[in-house]
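Below you'll find the structure, written out as structure tokens, and then a few comments.
As written, the chain order gives the labels A, B and C, with residue 1 at the start of each chain.
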Amino acid sequence: MFKEKFSGGIISAKQFDREDIEYIIKKAKEMIELKNSNILQGKILATLFFEPSTRTRLSFESAMYRLGGSVIGFQSGDVSSIKKGESIADTIRTVENYSDCIVIRHSLEGAAILAAKFAKIPIINAGSGSGEHPTQALLDLLTINEEVGPLDGLNIGLMGDLKYGRTVHSLSILLSNFNVNVYFISPLELKMRNRDKDFLQQRQVKYKELTDYRKILNILDVLYMTRVQKERFVDSEEYERIKGFYIFQQEDLIQTKNNFRLLHPLPRITEISPDVDNSEKAIYFKQTYYGIPMRKALLAELMTD
Amino acid sequence: MFKEKFSGGIISAKQFDREDIEYIIKKAKEMIELKNSNILQGKILATLFFEPSTRTRLSFESAMYRLGGSVIGFQSGDVSSIKKGESIADTIRTVENYSDCIVIRHSLEGAAILAAKFAKIPIINAGSGSGEHPTQALLDLLTINEEVGPLDGLNIGLMGDLKYGRTVHSLSILLSNFNVNVYFISPLELKMRNRDKDFLQQRQVKYKELTDYRKILNILDVLYMTRVQKERFVDSEEYERIKGFYIFQQEDLIQTKNNFRLLHPLPRITEISPDVDNSEKAIYFKQTYYGIPMRKALLAELMTD
Amino acid sequence: MFKEKFSGGIISAKQFDREDIEYIIKKAKEMIELKNSNILQGKILATLFFEPSTRTRLSFESAMYRLGGSVIGFQSGDVSSIKKGESIADTIRTVENYSDCIVIRHSLEGAAILAAKFAKIPIINAGSGSGEHPTQALLDLLTINEEVGPLDGLNIGLMGDLKYGRTVHSLSILLSNFNVNVYFISPLELKMRNRDKDFLQQRQVKYKELTDYRKILNILDVLYMTRVQKERFVDSEEYERIKGFYIFQQEDLIQTKNNFRLLHPLPRITEISPDVDNSEKAIYFKQTYYGIPMRKALLAELMTD
């Protein structure tokens, strides 16, 4: 069922209902146990990164290799024929002849949708502008599930750049499938966009918007922080003014519950002080670890019969 | 025989006689049928791309992986020691110690010849300036063979930038081994160079030069279009003036024969209108597909005993 | 023993005593004989190159593939999250979740030490600013051992940029474990730094400093030349003035002993004239060959139980 539903790929968190999420988390947990698999031997993953990436690209590639597959691709649009003026549609209709699945990251919000429209093989959206980043959100849910517990009933704060941050867009959409209390914490200039809030309202998600995270730190089970997305600002002065708005520090941890956990999709700039890193409540590096089993699970679903 | 003749690699289309071409096309057809091969397991292909590429690099890499081999290399001269001032000869004499075959693309026309002069392992020319691109021409012939039919007797138009376009140089050389009628269609400024025409005359190829493709559209079996090579123009104003000289459109198809097929090595900029893409006469994306079996065949010949 | 001692990785030549060097050279010799190994199948090497490289990166990757493993990584800091402002420590704590060993090259001298401090998997220093490049020095010793003979008693000249050249720093440290006579040959501006000489004095290494290599050419067994490191000069005029200080030419060979051998870590710019390349005394390309067995040996030690 998952295989059929997602045969075109993973483009948006909106494709997922609760059953899909629970299924892929179960599969990802199986991948944690799995050693030395060759189930994707002979398969080729294409990773087309028009924007820089460390985590997403390397974790997809690692996941592919851990399952016995191979990888082709590029790390920057500068070295591809895009530089000669080629369209995304043409690139996709070419690369689909060389591979079994395409992972694409692009600065344009519609890039992954466009790619999926033209492709005969599955497309995975690895970040489309300030739009979405659905596989990141799936690994975030796996992390919460494994490190905090079942989602229903949790108080979850999403904090930072809620306007341009694609990971929080996809995460809030996935969370709308669960009975959670969501807190959107941001400077006024970086509030969650109306189109995203409208979607949550339709799904009757309980959410609150606020600016000062300290007010609710004692009730949160999860705080998901994000970086202010420098590359999305047109005005670099506004970026400079806002980037240091939040700095989560060791003393903030004192007010938090015992089972409180701090997540971040990384990279982190200054928004979490390094003295927080050694707390067992800080699980953002563990979070990167969960990217491997989740991506192994997704790749296996999309490329096996 | 092929193996011995090409033990130094594939540098120029001029190395190929009719027998060689028919042999490698036969081998490429066998590769279309072949699934899950490991005949190049343990072998390493080095892909040294000093100029940007999507199709050529990724299809060589895909072909290598499909045969069980591995790939090392770089996608841009900027990340290699060339940036520190190293010569091509030194790079080659180094990389030959790390790999079993080297694929090289470079902006200088003599780069592949120079590389082959110094290398003890086979070199494949994946595009040398505006000189040649022989493996592209081989996959073009495979495409025509499979999608149109035997070459002898065909009316074939090569159109666009015949001066700087390396793919048409190699293709016209390969075609000189067959009994074809060739039409060179270009703006006056981008005519086939004398040195290339002299070669065809020596081989008694029947060709005509013209500017307006519409005059012969009704007799062509194959029209092979090319992009105006922006990166070869010294004068950007001249490029801007000429780049839109030809735009093949849906209405052009009406005049063509039933078995007419439109090819393009891609990337395509504006020279073929997107409304042509869905015609069964437009086979430029299928053409990228034939790159895999042709390159699998070539790699297998060059790296197995 | 080696495995335990180096379980954190290869950061500095100072980690090695004579026994360690002899052990890893023995292992590298075994790798020369070894064909088609799969001892690192299922393992992943991460190659994080923040500075350009041809030899080091490609030879690590080739060595990894020759042992059946896989490789992820990047060839330039520009395509990673470092560009978004991420710290090395965060990058390492991420990538260690995707791989079994990390190879790092960085322009900062302390980068590899910092990486090792944060990593739970082995780190290999593949060049840290003008500091060290220990695996290059190990392959240099393997080359001398195989092509000249046992190290004790040899007269070895290190010539060129002894101030900024990281390979000569690591090599002189390794040589301090043997009973060799070392000659440091450089322009006055590029002399070996005091901190490096102090280390050799502590270890009672016999060394002399001079400027004119011709004075001792007749007694040398090995001359190890290096490139003037353009990228380390703050003042480009000073670089232009000094870069042509030494040019080793064919006529220099006349004065050398029969068993004299000329090494160079490459890339070579103008400091060795190309007419020297064909002499059997010039073994710098053979030297690149020895990079594969040495790196195979190191990777096998660090990634097998």
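The criterion applied here is as follows: a contact is a pair of C-beta atoms (placed from the backbone, for glycine too) under 8 Å apart; a residue touches a chain by one contact, two chains touch by 3 or more.
Quick caveat: nothing in here was measured; it's all calculated off a predicted structure.
In this entry, chain A maps onto chain C through a rotation of 120 degrees when their C-alpha atoms are superposed, rounded to the nearest 5.
Although chain A and chain B share one sequence, what matters here is the overlap of their interface residues, and that overlap falls short of half of the numbers used.
The distance from the centre of chain A to the centre of chain B, with each centre set as the mean of the Cα atoms, comes to 39 Å. Counting partner chains per residue, chain C has residues 75-76 touching two or more of them. By the touch criterion stated above, chain C contacts chain A in their complex at residues 42, 44, 46, 70, 72-76, 78-86, 89-91, 93-95, 97-99.
Within the complex, the chain C residues that touch chain B are 36, 49, 52-55, 58-59, 61-62, 65-66, 75-76, 227, 230-231, 266-269, 274, 285, 288-289, 291-292.
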